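Presented below is the structure to which this report refers.
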């Protein structure tokens, strides 16, 4: 951390700042500028969080230099991590595809979707049993019944199951049925939930918050790893901006940023990211070319009958084309050596 | 809801859309434009949430007309609500002030702050026992010990206690010590938590999410009221924008918007809203003039030693000036008849 | 400026950075952190702009410490400036009101509006003769004819005229008729235009850009002052955010920020800032309480017939109430000593 | 347009709204909802802009249905347009590459860059002679001298020249030297400039504004086409969001949106879009996979010596790899039939 003093800070102000730093077991160094003095702080970055220097007299602002997360950083773990979900590798050479309906609506709908997802060649079936919905009057999910159908769909198809958990009380129940737990965008900073999924043994898919910075996202991953679970996969799903044509603004530069800052795998969800099924194909291709380790997408046997998020669900035909394109493109990127250039 | 068809939608497309609406128990009317047909949907708005017309062939987009919340709306309850917190009215003629440190750090710190808050004339003591922090390495709060100190501070001063609850498991514990439960910005769409605080008997202070629209915020309030708890007070605390000079962008127009759309009281938190103690005073005055029912602000006996959010905490002297200014300004607004003009 | 080196930067990298700084006539000082080295840069801030250290090998990032504007800063001119527009002071004890229609539509409409604006007690008549409109098919303004009507309205009422100039070629023409030139939000970074209004003798009203930071806004003011015109008044008119209920998000904390960072007067435009006439009154009151030096607002003899921005224009009756409220509130703030507390 | 009336609108209110529509030469139809009446407007969309129905009594809000641009829309021109710049086609099968330094700094620097750009296989040399800079103290460009060097670089290499024009007065001068005029992000809504480049004969590269919606961007293109110049190429260069890790947030979904809404070609600038040279490669690949018609990127013989935007400039080696990757990827997309799937 670097602390920038006001041009009119007194000697006493500077001494107080340096004392506060030293009291926290850190080292302080002073540098004289033309107009302002600067104090550099040296030491273990996890201690800096509790020193409120910005509030001290004579301080203009402080600037963080070290990252506040550690276990999620590439410095800590220079090799890219591969997360193994019951035999399926995420972060390796082959891109994963997680597909399925937004919500589990009935056994028939789910089985029909699962057969379709399997046939297209995806490795994961997705589908929400607990749905976080803006309005209390919208369909809230089938809850445990939905989880049972998901488990049955796994029996039927061999697909791995990834599904969202929204409250601490449901973690054990969801973990009993699913192969991978999803933390949704609205819960990315539900720290109680992060700590508890960090204690459960299952791999976690951590979606980026609606308005989360990349730094906050990696700190959320840090909560899970710090609680004992290193099997975290990130998922970019669009951020909130002023643009209204798309549901969110899919931030594909986050893929390149995460590859640089962290060792964790990252996948992309163009269905939620754009809100329009027409855009899923080009954005899925773009994500793979940017270096994403996989794609999550919504497919519904009959999008026009979907109880939630129909407008962004692919039809079975489009789904097959997208998944085939992803495979070809990923293979081409690797063969041409374009993939290595990205990482 | 109004459904706008594509210029090239077929007769069959339009029929299918109308069938879907009628199957949901709603009425559909068609209107012919110069280039496009429009389908109007008539009926109970809570049913609309489950009809995914946007995904149907031939549909360009749909536009919501009715609001998706009902119990929180001014149409439903034209009189402004007053929320009674153990004898203190929020939403009446006298603005409430909730003040205290960001986090409860020790008994001494809290008592010193409480005495100061009381002396200045506030009605509520605020202070976090459970702190949602971006980094797992930051101070996370004293938890139950902090709650006990808060209850003791109430005994000592007579101030009402408002404090944050972050997980469902802690609701009963927090409710046992506090007079009012706070839902923080990061949990505004933690729907499991909203439902449960809706079932507990205590009044709720619902902070606006970091990037929540006014519509989403009122829907979050709807979750609480729908679960049985009408005693909801909203709190504007700044939204996330591109501006970096302030910690958040305090959206005071939300005060006027809420007064128009809803009957719920609304207070403003200029400490979190700006992140700078220097701005608390002008923004508190502005909030009162805009029609806010109260102010929440951070005050710390010694901001430079605060374990969290020191830069935005007022010193005791500034605090007294702000609270006195709020009182005078509020009285003036009422006496001049300026306050009625706002509502 | 402080330059933060990568943890793996070589000695050579650091030497190169220091050489680049010294070559630019600046001084470099090194500080050793626990993981990273930091290089401090000392010297005249206007030279820093041309040293591209971020691109050098081994550099992680650089952090600006000094502000990039100088003439607009409060450090340069500690006293608050008062801008005199032909005898009317902006930035003094009395808040100015600039009112009128969005666009000049006809002589009759303008005269009717001017009489009304005058009667209410405003000092300035506003109205656009050149209108920057999103669509080429929208009404673009009466151009020189509109300027003539404005000048005639001044003769008729004694009001000062403030009107927008959108292109360099029109500056002389607009300056011949108006008392104050307005730079609109879409032109805040039209640097050619800023330089030229800096050379013309008239005071300038500089609206904040749609997505401009406070720093960029003050740099835009710097362009005008640097070109020779110190008579700049800032106008906050709302910024672009994800919120759709209001047309823009009125950032009243910008008033407090500007008062701290700069000596220039600042007024607020709640009509454009909210896009809803219902919100003009509470936001005007809030702006005055936050310390604004005046209000700009739209008033139209018949808002429902306005050719542009009708929804945000006040009717004559509302206008009178707002202006009277502003006066009372401003006087009260001064008498109670609340105004000084803000500055 | 659909006009939604308040639940408490009177018969008189509705009549007045219908009268206003009919007076504008449009047709009005009424539809009765369960709580509210809705008025549909039928007729030529360019007339709607001047009817301020939102301001009329009893109106809750109006919703635009037709797009406000016409000449730029795909409905108007279903075939994708190809813009011919002196023999080079933009929008055809081969992606164009526009590369060069951010600013022209000297003849030597430009020639060195031009040779490198040519050798890599780009078709266009980019470089600014007029630079719009946030601070008046930053390097503002070599102006006409820079234009001359650009023309000499064309003689030397055969590359086409694209360079920015920032003021109306300079259009003729820039057009005399350049093959294609660039309108920068800060001038996207400088309507005077748009009209004049619409009257000059040269093709125009129209960058998206810092906070422009896709709709506003296409309206800006409409200004140019409407003034007589159909040769417009769009350029996505990142939008302003709350994320600070990247300089802007590159919105690649805009590529898919533009392909759907418009017939105009679109290229992507990952250098400005991310602000980090490390991200140029993955984002260029992603843009091509999303369907972009080309890439604009910054390359500098020695980025660490660049007078502006060094951090985002590629070195010669990286540049060659990126351009080769783009070519291979584009060819693969076409051969596999993946490109058609996008459009």
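Each chain gets a letter, A, B, C and D, in the order it is written, and its residues are counted from 1.
Here is the rule we use: a contact is a pair of C-beta atoms (placed from the backbone, for glycine too) under 8 Å apart; a residue touches a chain by one contact, two chains touch by 3 or more.
Quantities reported herein were computed from a predicted structural model and do not represent experimental measurements.
J.: Which chain is most remote from chain D in terms of Cα centres?
T.: Centre of mass proxy via C-alpha means gives B as farthest from chain D.
J.: Have a look at B-D versus A-D and report the one with more C-beta pairs in contact.
T.: More contacting C-beta pairs are found at A-D.
J.: Roughly how far is chain A from chain B, going centre to centre by Cα mean, in whole Å?
T.: 26
J.: What whole-Å value do you get for the distance between chain A and chain D if each is reduced to the mean of its CA atoms?
T.: Averaging C-alpha atoms per chain gives centres 30 Å apart.
J.: Between chain B and chain D, tell me the centre distance in angstrom, where each centre is the average of that chain's C-alpha atoms.
T.: Taking the average C-alpha coordinate of chain B and of chain D, the gap between them is 39 Å.
J.: Can you list every residue of chain D that touches 2 or more other chains, as numbers and ranges?
T.: 211, 240-242, 244
J.: Using the touch rule from the top, collect the residues of chain A that touch chain C in their complex.
T.: Touching chain C from chain A are residues 2, 4, 7, 27, 29, 31-36, 38, 40, 42-44, 63, 65-66, 75, 211, 240-242, 244.
J.: Quick check on the complex: what are the chain C residues that touch chain B?
T.: Contact set of chain C toward chain B: 211, 213-215, 239, 241-246, 249-253, 255-257, 259-260, 273-274, 278-279, 281-283, 285-291, 321, 325, 328-329, 332-333, 336, 338, 341-342.
J.: Hey, which residues of chain B end up touching chain A in the complex?
T.: Residue list for chain B touching chain A: 16, 20, 46, 49-50, 52-57, 68-69, 132-139, 166-169, 186-187, 189-193, 210-211, 215-216, 219, 222-223, 226-227, 240, 277, 303-313.
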